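Two complexes come next, and they have one chain in common, chain A, joined by chain B in the first and chain C in the second.
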Partner chain A sequence: MRLLTHNMLSSNIKGVTNGFPLRIEVEKVVEKQVDLSPAFLRNMFSKIEWKALVDASHSFGYAELPEQADASMLDSEDFLRKFHHALLELHLEEGALICPETGRRFPVSKGIPNMLLHEDECIMMTVDKLKTTDPPSPQIPGIGLAREKALDGYSKAVEGIAKVKMKIMSKRKQKFIIWLARNTKSSREPQQVNLERCTS
Partner chain B sequence: MREIRVKGASSLCSSTTLCDEETHVPQSDLVNDEHNSSVGAKVTPEIEMKYVHRVYEAIAPHFSSTRFAKWPKVAAFLSSLSSGSLVLDAGCGNGKYSGLNPDCFFIGCDISHPLVKICADRGHEVLVADAVNLPYKTGFGDAAITIAVLHHLRTECRRKKAIEELVRVVKKGGLVLITVWAVEQEDKSLLNKWTPISEKYAEEWIGPSSPRECSPSSFKLESIQETEEHSSGHAKGFKESSEYFVPWHLPYHRAEVSGASASALANGLAKKDDKKDAVVYNRYYHVFSEGELER
Partner chain C sequence: MPFRTAQIRLVSSHSEVYEPCDDSFALVDALLADRSKLIEHKPKLCMEVGCGSGYVITSLALLLGQESHGVHYFATDINPHAVRVTRETLEAHGVHAELISTDIASGLEKRLAGLVDVMVVNPPYVPTPEDEVGREGITSAWAGGEDGRSVIDRILPVVDNLLSGKGWLYLVTLESNHPLQLCLQMRERGYASRIVLQRSTDEESLHIIKFWRDSDRQ
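Right, the complex of A and B next:
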C-alpha cells in the first residue's frame, strides 16, 4: 500500500463520522522505484491532505517532506521528487490501518490492505423501520425519496448523476450494456448516502 | 441485527448449521433479500457469498489466465482521460484494465483476495474492498470504472449503492464507466447455457418470493439516448428472468492446484463434468435490461 492510497482511504464503519486519516501500524516498509509523472503529481497535489501525508511518511521513516506545502512548490524539481517518493515509492508491506474513531484494525499483508467490514459494521436498515418513518422527508440533500417510491428505489435517491452515454456492445456474441455517468455534484460537500431509504 | 437464515446455507451461516434445515426454520424467518429484507445494501447476501465471492476465490488463477481480452470501448474510455488522472477500478479482477493507460494511475479493489493478490504481484496498487461500500474519501478520484461487476450484486439496492459509491468517489465532473451483462442476447444458445434462477430456486434457497416490484422509471436524466445496435423485442421471452447462474468450467488440471475445488465439490458448490474434464462452478448473475440502470 502506497501513501497515495493511504491518503484516499477512509474508514466507513457504521457510525463513524470522520474515518480519515487511518492510523498506520508499521511492521515493514519497502521501496519500489517508479517513473515520476509531473502531471500526476500536480493533479494529486490539490487532492492530497498534506499533513496526513507528512505524518504517514514520518511513520515510514521518511522525513524529507516539508511540514507545509503550497502549489508554488510544484515548480521545484527537488520538491517534486520528494513528493513523488513519499506518495508512490514507499509501500507498507506488512502492518495495519487503524480506524481513528473506533480503533478497528484493518490488516495490511503482502502490501494488500483488507478493508472488508464485518456485517455488524455495515450500515443497514430494516423494513419495519421504513414503515414507521412516515413520511420520509427529504432532510438529506439530494435525497428526496417519497415513500411510495421507496421500492422503485434509486430514481430520486441520487442527485448528481448525469448519464452521459449508454451503449449496447457485443463481444463474442455476448451483449453488454455500457453506461457512462458523470458526477455533477460538488466534490467538496460530503455526499451523504441515506441507506434508511434504500430498500428493495 | 437479525440473522439471515437461508435454507441449505453453508457453514458460513452458523444459524443454519445449528438448526435442522427446513423444519426448524419458520417461513417468516426466511429472508428474501430482495424484498422483505431486513438487510440493507451493505450486508452481503448469502447468494453472493456463495456464488460470487467463493467461486472467484476458487477459480481465481484460471479465471485470471483467461482474462486478457479487453473491451475496446473501455480502452477507448481510459485513453480519453487526461494525463495524470487517478482512476479507481472497483471489482478490478486480475487488473487487466489497470495500466492500460500508462499516463494514468490506477487503484483497484476487488472482493476476491486471490485476484487482488494477482494484481499486487503484477505491481498494481490494490486492496480488498466491497464495491458496495468503498472505503474511500469523497471526490478523490478523477474517474472510476466497474467492468462486469454490477451484475454480480444480488439486490437492486446493492447495485444502486455501488453506482452511488462510484459516483461519490470521483471528483465533480468526473466520469464513471459501468458495464454489465445485458439480458437481451442475440445468441439465444448462450442463454441456454445459463440457468435461470427460478422461483423454485428462489423458494428453496432464499425464501418465499414476493412479486418483483419494478415500477416504471421516473428517473429524469439528461440523457443522450444512443440506440445504435439496439434490437428491441427479440428477447421478450427472457424478460421474466433477470437472474441466472452462469457456469465457469475449471479444467481438472487447473482444479488440482487449489484445494478449494475439493471442498467446493464436497459441499456441493461445484459439480464435476467428466465430459468436459472440468469442475463446474455456478456464478450468480443479475442481467440488466436496457434502461434499468437509469432508474
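Right, the complex of A and C next:
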C-alpha cells in the first residue's frame, strides 16, 4: 500500500464522522522504485491532504517532506522528487490502519489493506431475511441439537459434492448450472442449505 | 508490437477466485477496441471494482502504461483471496495497482470522489436468490440476486460518485440484467451510454456498456 492510497482511505465504520486520516501501525515498509511523472504529481498535489502525507511518511521514518507545502513548490525538482518518493515509492507491506475515532484496526497484509467490516459495523441487508428461515428454537435441547447435526451433515455433503463438481466442470458451465438450478427447481434444496447456514 | 493484454498462463488462480471467462474476455476486448480513445483520454487514475483474478486490471495497465505515463490504478474485491491473486497476476506481468479488500469502494468514497477517470466493472450479474448475494468466497463472484441486479444497483451510485468530470465506466451486463433500463437509469444521473460490445455465447448474451457524462463530448 502506497501513501497515495493511505491519503485516499478513511474509516468506513457506521457512525464515524472523523475517519481521516487513518493512523498507521508499521510492521514492515518496503521501497520500490517508480518512474517519476511530474504531470501526475502536479495534478495530484491539490487532491492530497498534505499533513496526512507528512505524518504518514514520518511513521515510515522518512523526514524529508516540508511541514507546509503550496503549489509554487511544484516548480522545484527537489520537491517533486521528495513528494514522489513519499507518495509512491514507500509501501506499507505489513501492519495496520487504525480508525482515529474508534480505534478499530484494519490489517494490512502483503501490502493489501482489508477494509471489510463485520455486520454490526455496517448496514447489511440480506442477513435478516435469512434468519426468518431459522428452525424454531428447540423445546428439548437434545433433539434440537440432533436436528442441527443432521442438517449440518446434509449441507456438508452438498458442499462436498459441489466442490468435487467444481473441479470437474469449467467455471462457465458451473455458473450456468447453478443459474439453471436456481431458476428451474423448486426452492426446496437451496432452502435446506440456507437453514443450516444460519444455524452454524 | 501487438497490443499486449494479460497472458492467461501468467494469471494466478485460487479455488475460491473467479477465473477469467467469456465475460472477462469480452470486457478486455471492449477495452482493446477502445484503446486509442482511452489513450487520448489521458486518464490519471483508473479503477476496477471486483478484480477477481486480476486479468482485467492487468490488461488495462498493459494497454495504458504505468507510472511513467502518469497513470495509476486501484482495484478492489470483496473476496480477500481474489485481491491476493490479483497482486500475483499484476506482479507476473510487471505492472502495479493499489489493492484494497473492501465492499465495492467502501473506505475510498470520501477522498477518491471525483478522481477516477476510467472505471471497469465485471460485476456478479447472474440472477440468483437474493440470499446468495455477498456470500463468502466464490459464490459472490456471480450471485447477482433478482435479475442479477443486486450488486450492480449498489455499484452504480458509488461509481457515479467516484468518476471525475471526464470519467468513463465500462460495465459488463447480461441480457437478463435489463441493460436498456440500466442505461435509462444512468441517463437520469446525467450519463450517456453506448453498448460497445455485444457477444452471445451458448449460455448467455453479454453486453459491455460504456457510460460517460453527457456534458463531456467524446
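Going forward, the second predicted complex is superposed on the first by the 122 of 200 C-alpha atoms of A that agree within 3 Å, B and C clash if a C-alpha of one lies under 4 Å from a C-alpha of the other, contacts with A are read in each partner's own complex, and residues count from 1 in each chain.
Criterion: a contact is a pair of C-beta atoms (placed from the backbone, for glycine too) under 8 Å apart; a residue touches a chain by one contact, two chains touch by 3 or more.
What you are looking at is a predicted structure, and each value in this text was computed from that prediction instead of being measured.
Student: Let me test your reading of the model: by the given contact rule, A:His118 touches which partner, first (chain B), second (chain C), both or neither?
Tutor: Touch status of A:His118: no partner.
Student: Is it chain B or chain C that touches the larger share of residues in chain A?
Tutor: B
Student: With both complexes superposed on chain A, which partner does A:Asn43 reach: first (chain B), second (chain C), both or neither?
Tutor: both
Student: Return first, second, both or neither, reflecting whether A:Met8 touches chain B, chain C, both chains, or no partner chain.
Tutor: both
Student: Could you look at A:Phe20 and tell me whether it touches chain B, chain C, both or neither (first, second, both, neither)?
Tutor: both
Student: According to the stated criteria, A:Lys110 is in contact with first (chain B), second (chain C), both, or neither; which is it?
Tutor: So A:Lys110 meets both chain B and chain C here.
Student: Residues of chain A that sit at the chain B interface in one complex and at the chain C interface in the other, please.
Tutor: After superposing on chain A, chain A residues 1-2, 4-5, 7-12, 19-20, 37, 39-40, 43-44, 47, 88, 110-117, 122, 124, 126, 166, 171, 175-176, 178-179, 182-183, 187, 190 contact both chain B and chain C.
Student: In their shared complex, at which residues does chain B touch chain A?
Tutor: 1-2, 34-44, 69, 71, 73-74, 77, 82-86, 103-105, 107, 109, 111, 113, 116-117, 120, 123, 125-130, 133-142, 148, 155-157, 160-161, 163-168, 170-182, 184-187, 190, 213-219, 221-226, 228-230, 288, 290, 293-295
Student: Which of the residues in chain A come into contact with chain C in the complex?
Tutor: 1-2, 4-5, 7-12, 19-20, 34-37, 39-40, 43-44, 47, 49, 88, 106, 110-117, 122, 124, 126, 129-130, 166, 171-172, 175-176, 178-179, 182-183, 187, 190, 194
Student: Show me the residue ranges of chain C that touch chain A in the complex, using the header's touch definition.
Tutor: For chain C paired with chain A, touching residues are 15, 18-19, 21-22, 44, 66-72, 74, 78, 80, 83-84, 87, 96, 98-103, 106-112, 115, 126-134, 138, 142, 201, 203-204.
Student: Where on chain A does chain B make contact in their complex?
Tutor: 1-2, 4-5, 7-12, 19-20, 32, 37-44, 47, 88, 110-117, 119-120, 122-128, 149, 151-158, 160-171, 173-188, 190-191, 193, 195, 198-200
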